[in-house]
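Right, one structure below, let's go through it.
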Amino acid sequence: MAAAVETNLQPRYIDVDRQVQRAMAPGGLTYWLWVLFCAFLTALGIGFWTNQVYKGLGVTGLTEPTMWAPYITNFVFWVGIAHSGTLISAILFLFRVRWRTAIYRCAETMTVFAVATAGLFPLIHLGRLWFFYFVVPYPNERYLQPDFRSPLVWDFFAIGTYLTISTVFLFTGLIPDCANAREFATGWRKTLYSIFSFGWQGTDRQWRNFQMVYLLLAGFATPLVLSVHSVVSWDFAMTQLPGWHSTIFAPYFVAGAIFSGCGLVLTLIIPIRKFWRLQEMVTIWHLDNLSKIVLFTSLIITYSYCVESFMVWYSQDSLEMTTFHQRYFGPQGYLFWIMVACNCVIPLLLFSPRVRTNTVWLFIISIFVNIGMWLERFVIIAGSLATNTMPSQWRFYTPQVTEVVITVASFGWFLMNFSLFAKFMPIVSMTEMKEGISWLRQAVRTSYPYRKAA
Amino acid sequence: MSDVAVISTFHSDEECAQGILALHDARIHEFRAFFPFPSEKIMEAVDHVRAWGRSPVRYWQLFGGITGVLTAIAITFGTSWEWNLNVGGRPIISVPPYIIIMFELLILIGGLSGLTGFFVHNRMPVFDLFPGYRSRFSEDKFGLVVQCEESAAAKVESVLRDAGAEDITREILEAATGHH
Amino acid sequence: MENQMSSHQPASLGAAALRPLRESMQLNWAPLNTLGLVLSVIGIAGFVIALILGRSQRVWEIWLVNFLFFNGVAQGGVVCSASFYLTQARWAGTTHYRMAEAFSLYLVVGFVLFWGVFIGRISIFPWILHPSPKQQLWLNVPFLFARDGIALLVMTIISVWFVSLSRGPEARSWAGRFDEIDMPPVAIRRLAPVVAILYCAIYSLVAFDLIMSLSPKWHSTLFGWWYFATDFWSATAAMGLMAVMFRRAFGPNTTASAPGVLHDIGKMIFAFSIFWIYTGFAQYLVIWYGDIPTETFFIVQRFWHHPWTLLSWSTPVLIWVIPFLVLLGVRPKRTPGILGTVSLLGLIGVWILNFILVVPSLSRDRLPLGWVELTITAGFLGIFLLCAIPGLRRVAAAAFEPVSPELQPRME
């Protein structure tokens, strides 16, 4: 509950270290039970996946015309989550936004593990997953090369690049922090941090090169954020299916990605700061600003829904009007309205500064955001497919146990990896917090009235 | 006469920056600064004193990016031309989709090259400690280590003390390792 | 007020540590005034003569193009200022706010000029003489002008209110405090999001109604967003041009013309041109890939049919290729000549963009570009300049305002 420590309104450099060091202390029983629970969910997922590989995709509810439903939904969902991590760490870095420093490490970690989770789903969806290498361009005897005109091939390149670059970005940023951690760690941890710091000693020459590579990586990661989720959205927009063929998909999906990702950052960072007592590093001021991004992207989503609906009506295209009518008022229409409530209405609460500075409210809203965004992908993907251009084919998707378990297991897998990383690596960037110590002091001072509620 | 390392510890980045400028004024050039975060003040002082220009890592990234684009063009144009199946009525070499592959490979190869350049120019991983490195320089203190002959050490110490060093020690270096 | 110039003293909150970068200078506004008047007279004369001579189709086409362009720059500027407040940007003291808002007076005049579209509606909207039966609920004269008229009125009123708040003492003193993390004053921090949200909605509506409806069969969901992003970018280009002009007049030691300020504006021009090409390419790729005739004709006609090809291809070159390649490095952004040229070319590019969006829908095979278009464009430009002078004066005044010491290194 509320920490016994007095709020230190003038944190010094060493205080930053000590707080993060405390967070990195060996985990207690609760922590390991949590990790074990996540591992159990993962194991369940692996079990069901193995069963699916053995028996084929028929064990799922996937059938014509909804050949894409939960797995692709999960894929898009997890890739989307990853994007706000890069937004926070790279794009806000380029804009020199001051509140980024306390949360960007957590966001970047989320990115890397979210992409890793997302990357599993095309494999899960392949059925015969061992043929995935068909999408790699290499000399072969099949008289075929991957069709570079296909959005699925673009996906391979985009996701692969994104996973690589975000991992590189994360581990590059970790170098000075691991050097820092190496100094106060002991035993095998000291070795671990020494390895990941690559012998970093913080000389002027080292920092000069570091600043350049970090700036360049941030500069490269920024268009990557825009491009990767655009490419994922083009998996759908490049078809002629009503409900999918829409030019707004690219920026709309990117905004949605940032929206869901920032929601998940909130979901992760609020418990972390509470259980590991980081309230004076990740202050209410930081959460306030993060939730403004959630609000902003929610408004973009609302705009996109309105424009899409308007344009369907404006164009008077009978195919599109039918699909959208089914989306709003068809058998699975309730999903659409839950989605609107979660994505458009509930985040409006964030206009109120009182809500933005209350961690309980933020946590609840962030859960709704994630539910809403998962539903959005599902409504778009499975909903549009179900009501395609041939009414004789119409059939709405119903989930089976396999997909449900694998979906839940993906959360378990993600949370397990994230929790392990967060415990063993500095989850708040000590280096950048010290660089912005003057703003941290102001943030602590500004957030002090909200301290007791945290 | 063996070389010594004069190791000074500073409490704040401003004082360390002043120390760098003071060393420069006293025409002492063989020094290395250690700091736990890239303080703007120290980096400015270093830029002023060293005249290194901007880091060369950016050239690695530039050439890596260009290589990425060319590779993408080679793969996409090449494979389409060589295995020319007409798909969807599109031109055999259809540029709009290939732009995406070019862009992704630009980022991928560019980023990895930049990282390689970073490791090369910093000569990382570094296995030996630099002379004078103290663990607190990675935590909350700023360090200036000057390498000089024993006879000159006293002068160096006085320059550093005037600049505001809170602690100065000497360490004898085994062999003269002259490079930075 | 004592100037504390000692570098060992930490800067205190408030006025004691402020000092101006250099002595204030007076500018002679007469030449700009005269230019504005002359161009306006040429425009009015051209307009009247063209109408008398029966060139009404060309008159109203170019009227719409110019209305869209100049309103876009002015409105984009106000939204730019709002976005500075929303992101708590204080990188040039108060000056970048004044620069963004410099054209705000034109919005009022622009609203009046909008009704020219009503007068010339027969020449502009093909669905008046040839109604599109299924779209009549949306595309009819009373409803369109009612909704667009009310929307633009609301936007103009809110913008003027916002600018007056932004010029008030509270906002200005907030902007001067570079190293604090406090939020802007209450009134303006409530109004800034309203400005931004209304802008997105209303300028999407303007794009759909005044551009997209000229080809009623065509639609693109991203069109509105792409269009208001273009207008925002044109405002940043106008700020770039403005900063370079002030540099010529005042030299590099003011907050309107310092190299650091040019650099920051250059970064905005660079970044938002990339956003422009991204949203443009997103539309192009989807339409190219789907190959649906009711979507492709719009692009094919502009990019691959004579006589529009050259003009249409010039737009991505002027709006993206040149700013991207030229402003990639640090030094070009800080060089006034280069930044000014890129900005000017960009503004011309946006004008051409408006031209090729509107005119090919109305005049498929003929490229109308003659004295009618030139005089009326000159007229709009003249009126725009005249309306901009009060705003520019404020920029000039702000350029010499004292600036906190933490900000000064960023100026160089």
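Which chain is which? They are A, B and C, in the order written, and residues in each are numbered from 1.
Quick note on the criterion: a contact is a pair of C-beta atoms (placed from the backbone, for glycine too) under 8 Å apart; a residue touches a chain by one contact, two chains touch by 3 or more.
Every value quoted in this text rests on a predicted model; they were computed, and no experiment measured them.
Student: If you tally contacting C-beta pairs, which pair wins, A-C or B-C?
Tutor: Of the two interfaces, A-C and B-C, more C-beta pairs touch across A-C.
Student: Closest chain to the protein's overall Cα mean, using per-chain Cα means, please.
Tutor: A
Student: Indicate the whole-number Å distance between the mean C-alpha point of chain A and the mean C-alpha point of chain B.
Tutor: 31
Student: Indicate the whole-number Å distance between the mean C-alpha point of chain A and the mean C-alpha point of chain C.
Tutor: 35
Student: Where the CA atoms of chain B average out and where those of chain C average out, how many Å apart are those spots?
Tutor: Once rounded, the distance between the two centres reads 41 Å.
Student: Could you list which residues of chain C touch at least two other chains?
Tutor: 285, 289
Student: Which positions in chain A are in touch with at least two other chains?
Tutor: Residues 223.
Student: Could you check chain B for residues that touch two or more other chains and list them?
Tutor: As it turns out, chain B has residues touching two or more other chains at 88, 97.
Student: So in the complex, the part of chain A that touches chain C is made up of which residues?
Tutor: 95, 97-99, 223, 226, 230, 234, 237-240, 245-251, 285, 299, 303-304, 307-308, 310-311, 313-316, 438-439, 442-443, 446
Student: Please name which positions on chain C make contact with chain B in the complex.
Tutor: So the residues of chain C in touch with chain B come to 281, 284-285, 288-289, 291, 409.
Student: Mind pulling up the chain B residues that touch chain C in the complex?
Tutor: The touching residues are 44, 88-89, 96-97, 99.
Student: Taking the complex as given, what residues does chain B use to touch chain A?
Tutor: My answer: residues 32-39, 42-43, 46, 50, 52, 54-55, 57-58, 61, 75-76, 79-80, 82-83, 85, 87-88, 90, 94, 97-98, 100-101, 103-105, 107-108, 110-112, 114-115, 117-119, 121-122, 124-130, 133, 135-140, 180.
Student: So in the complex, the part of chain C that touches chain A is made up of which residues?
Tutor: Checking each residue of chain C against chain A gives 87, 134-135, 138, 179-182, 197, 200-201, 204, 208, 219-225, 274, 278-279, 282-283, 285-287, 289-290, 292.
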